[in-house]
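Heads up, the next two complexes both have subunit A, just with different partners, subunit B and then subunit C.
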Partner chain A sequence: MSEPLFGGCDIGSTTGKAVLVRDNSVIASVIVPCLPRPEKTAELVINEAISQAGLSSVKDVTYLVGTGYGRVRIPFANEDISEITCHARGASWLRSSVRTAIDIGGQDCKVMGISDTGRVREFVMNDKCAAGTGRFFEAMCRVLHVSLEDISSLSLESKAPATITSQCSVFAESEVITLLNEGVDVADIAAGINFAIAARLVSLARKVGLVQDVTVTGGCAKNVGLIKCLEEKLKAAITLVPGDPQIVGALGAAILAREAFARA
Partner chain B sequence: MDKKPFAKLEEILNGVLKPAAATLSQNPLSNDGPLMLKTVEIMSRNIEEAVDVARNRQKKFVWHEFCLTPELFLAFDLYPFVGETHTSIYARYLQDAIGEFIDATENAGVPPEVCSMDKVLIGAILSDEIPQPDLIVTTSAPCDSSRIGYQVMEKLLDAPMHRLDAPFTNDADAFKYYAGQMRNFIPVLEELSGKKFDIDRLREIVEESNRALEYLLEWDLLRRLRPSPAPPSILLNVYAAVNNCFGKPHCTEYCKALYEFTRERAESGAATGEKIRVVWQHVPPQFGDNIYGWMADEFGAVVVDDTRCGYLRQAPIDTSSLDSMLQGLARHGLNMTMGKNRLPARLYMADFLRARQDYSLDCVIVSAHAGCKHCWPLIGIYRDFARTENIPFLVFDDDFLDSRVVSLATVKNKIEQFFRTMKL
Partner chain C sequence: MSESVLEQFSRIAAKPYDYAREWKKRTGGRVFGYFCTYFPEELLHAAGLLPMRILGYKENVSLADSHAQPFICSLVRTSLDAALKDKFDFLDGVVFPHSCDSIQNLADIWRHNFPRQFSEVVVLPVWVDIPEAEDYLTEEISRFRQKFEKHLGASISDADIAKSVGIYNENRRALTELYSLRRENPGSITGKAVLDVVRASMSMRKEEHTALLGKLLGELRVAPKTNGATVRVVLYGNACDHPDLMNLFDEMDAVIVDDDLCTGSRYFLHTEAVNGDPIRKIAQRYMKRVPCPSKHTTSFDRRRYLVDMVKESKADGVVMLILKFCDPHAFDYPDLAKRLTESNIPHLLLETEMQPSSLEQIRTRLQAFVEMLKEKKNV
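Entry: the complex of A and B
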């Protein structure tokens, strides 16, 4: 009999992620852009993960946990768990020394204080708007006519980061347009954007209390420029988890699936 | 066109509360229905009375702020009205009016960062919702926003205003000092009402409010039981139901019903489904669904105490002399809603500690009202304490009156994430 297979499916606001775990190893991980309906995204991403793992059906997965905004709409999930718990568990599994995780998702951001046992000790979420989220970056990329990857690399080239004070993405967009009209270098604007987001995240992180090691999860963790700005603002080193930070929530879900199965 | 005062309050009465009472009297909908009906009835009665006095002027209309209770006004047969309490009623039953009032205030030049409670009241005045008062009574407390707000209201209403000086301490000397302020206030009320002060009439009214408070104290003890027999959805409305009518027999009747209903549930051992005991600091969102009812239904999370119900936990007043009555009324006024804002943070912390001991809480939720400079500085202190004591603690910002600031869906999402993540 083959070893049991555990799955995590994280249906966020902009992407769907799936991770399959067997024998304490990740055997598949997939990220897809979200479709209009969460259940369709879930089917798409899990089928791709199943295919990547060389399996034939989601029925091959022994136990699967759903997470993310669309977690309750995942038809094949055995249970659903909040993304805060999943990100914390995923980060902790990848790097057991992590005590603070900052998750920058497409639609919100969260800071989690993590206990020695990998449990969430405390958390805080962003509030009223897109400030500090992937949506903010998307809006800025649209104005600058650059990709998300460009924001990261441009930011690192900046000599004099521009000041962007607006937390609101709509007002920040206006600020960026003004800066462009004033002839400010795009690299400096990109750095300004990263610093603006970093400032918002630092404010959240301080509410939870910053305990080392600090890591960043979610798609925006791939923005090296942002990580640098965050380190500068936090006055602390950020230790990224090994592998793709965007799948940490789905991975945590898979680990929690394994734990739930073991308890059953 | 002249608008009738309290047109929107009347809309709430006829459009929401009376139909709700009619429905509940036919079909209680749930086990809590009979008590919910009584709650709707007392709120309806209070609003009916306010609308009647505002339009027919059979009594002088006195607008008084927090830090005062109704008894002294009732002793002169005046009609006391607490505008602040009614902001919750507008928010709960006519949210559009909140937006309308706030927009009117901000359009008139009041800064948006001012507390929405003051903005709603100023907007209600600008919109001719508030009747012309015969007297406005305020104090040097409870908060900086209302200090500015009341100056604006005084100007807009062009009504006489009397101010009492609220002390910055909360002991016997403080109550004595404030009682002196109230004693000096008696001639003002005599002149307004055209009646001589009658100590026996005041005693009668204070004895009436004492009876109500005794029921509330018993009710408070019942809420400490685990599981709590008190219907959580009612807790959201109790404060708005009773705060404006202490000293009136119908208030006592309601408090009696509240206590008896809860006691019967405790005695019968009715299942409450309580899994999580929550103490809610500050004021929960007043708009949309009943947030306490939702928490209980969805998660078995029962709010056993909140800040406003904490204010109702007052020892009865000694009615043996005028001094003892005034000092008792001073104690009640200064410890009533927001009255404690004038005090050092350590006294708020004492309440927090007491809540922990008394209600065997599982977690604390703090909704930090935008514009409240008294609430925000306490959050760090609460949080540090919760960390030290290992109490799960959720804090989020909102505006308890204005759903446009943080939606109920966002609030619910945070609460859900909290319960699920902390595995409560």
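Entry: the complex of A and C
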């Protein structure tokens, strides 16, 4: 009989993620765009992870934890744990020196203070609206006719970032349209968007307090321009975790699955 | 099958305005709405009325925003909206204590829109623990009494007011016992049920409520000890009228052990003995009760009060339920949060609104908080 296999399945608002862990190493990790039904996203992403690991069925997974917005609707999960706990665990497993994790997801962002044992000490989450999250970036990309990757690289090219004052993604969109009509350079608008989001995150982070190492997780952590803006606004260095920051929640869920199994 | 006592409380708490309509039909009596528990409702009761707390309306706002800015609390906003939609057609009068600016201005908007309805503002003192405040409030309540008597075309005797204060005190003592039974055996009744009982008390004639509550207390006194739940929580905040949110605590295996809520213990804690001038007694109680954050006192320190409550009820953490745009509570929050953190008491802020809203983000926060408390307990 082979070593037990642990799974984490993170069904977020925008993407579904699955991670499989065996013998203290990640053997599969998959990201898929969300389908309208969380159950379907969960099945899609776990089946891809299963085949990536060269296995045949989800039944091969010894214990699996579900997380993310769709966590209560994952048919094959043994239990569900909030994404806050999962992101903290995943970040700290990847880099044990992490004491603050900022998760910027598709629909909300969270700042977590993490203890030296990798547990959530304190956390805050953004307000109901989606400003400062992946959805906000997607809306901005639509207006600017650029990709998410472009926002990052354009932002880094900017010499004079535009000012975007609105905290609300709907109003910010109108502001961006105004800037475009005024002939402002797209790179400067991209940098303005990153700075606007960074400013929101700073007020959130200040509620928890920043203890080094600070890391950023979630899909938006791939936006290098945003990370740079955040470092500037936070006046603190950000250390990214190794690998893909978008799978940290699913990874944390898999690690917690292993811990739950060990306790049982 | 007949309705259990708790089911009755929950039904009335969920639809208090239906209860008011039914009471009116049953008794032929008059119903007055009041907008904050600082209103001396004993006076209304003494005249045989049903005083009922108007605590917003669970429907999206469509008319109120033509009359007031949207960044006022949803208790005021949805109440105004419901009134404009004729949802409060059963009210014979409305009374407003000047507790906060939003309620004060609501009174003015109300008067303009419903000029034929009896409405009155009672201007309460803000600094409550000075002797001048007591004298002032005694006079102010007497002024209201005269105006109210004129409206009724009848006088209310001191003896009737004293009798009502006694009936209110009896209800307050019963609710206090409910809280102490819960503290001793929190698994015996859900946090939602306890808030339903208090909410029902704000809506029912007090005699009827006390009688029903007596049955519940009888059951709770002999309830078997349970120690299933792992996490004990104290609630703090203003108006919590969210059955779905309260059900989440159950779902997450967290028990409520005590609260400092406007719709919880602040409504009934502290009684003043019925002797002497009943109006002054009402004023004295309002000076000495656990104050609303909209009041100023020099003797009461809510930070210490909350920390003590956590210690005495052996709670693991505090969940703060604050109605969005409630300035008095919002201004107090950072200071309270700071003291809880310094006292090593985990706390979670949940912003709420009266109108229907998605529960998912609240679920994530609460679940993470409970996971955090469980982890802390295990270590």
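In this text, the second predicted complex is superposed on the first by the 264 of 264 C-alpha atoms of A that agree within 3 Å, B and C clash if a C-alpha of one lies under 4 Å from a C-alpha of the other, contacts with A are read in each partner's own complex, and residues count from 1 in each chain.
The criterion applied here is as follows: a residue touches a chain if its C-beta (ideal position, glycine included) is under 8 Å from a C-beta of that chain, and two chains touch if they have at least 3 such contacts.
Keep in mind the model is a prediction, meaning the values are calculated, not measured.
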Room on subunit A for both subunit B and subunit C (clash or fit): clash
Which superposed partner A:239 touches (first subunit B, second subunit C, both, neither): neither
Touching partner for A:153 - first (subunit B), second (subunit C), both, neither: neither
Touching partner for A:14 - first (subunit B), second (subunit C), both, neither: neither
Partner chain in contact with A:82 - subunit B first, subunit C second, else both or neither: both
Touching partner for A:122 - first (subunit B), second (subunit C), both, neither: both
First, second, both or neither for A:166, with subunit B first and subunit C second: neither
First, second, both or neither for A:47, with subunit B first and subunit C second: neither
Residues on subunit A lying within both footprints (that of subunit B and that of subunit C): 81-82, 84-85, 119-120, 122-123, 125, 127-128
Subunit B contact footprint on subunit A (complex, rising order): 81-82, 84-85, 119-120, 122-125, 127-128, 207, 209
Of all residues in subunit A, those that touch subunit C in their complex: 69, 81-85, 108, 117, 119-123, 125, 127-128
List of subunit B residues in touch with subunit A within their complex: 383, 387, 393, 395-397, 405-406, 410, 414, 416-418, 420-423
Residues on subunit C engaged by subunit A in the complex (per definition of touch): 341, 346, 351, 357-358, 360-361, 364-365, 367-369, 371-372, 375-376, 379
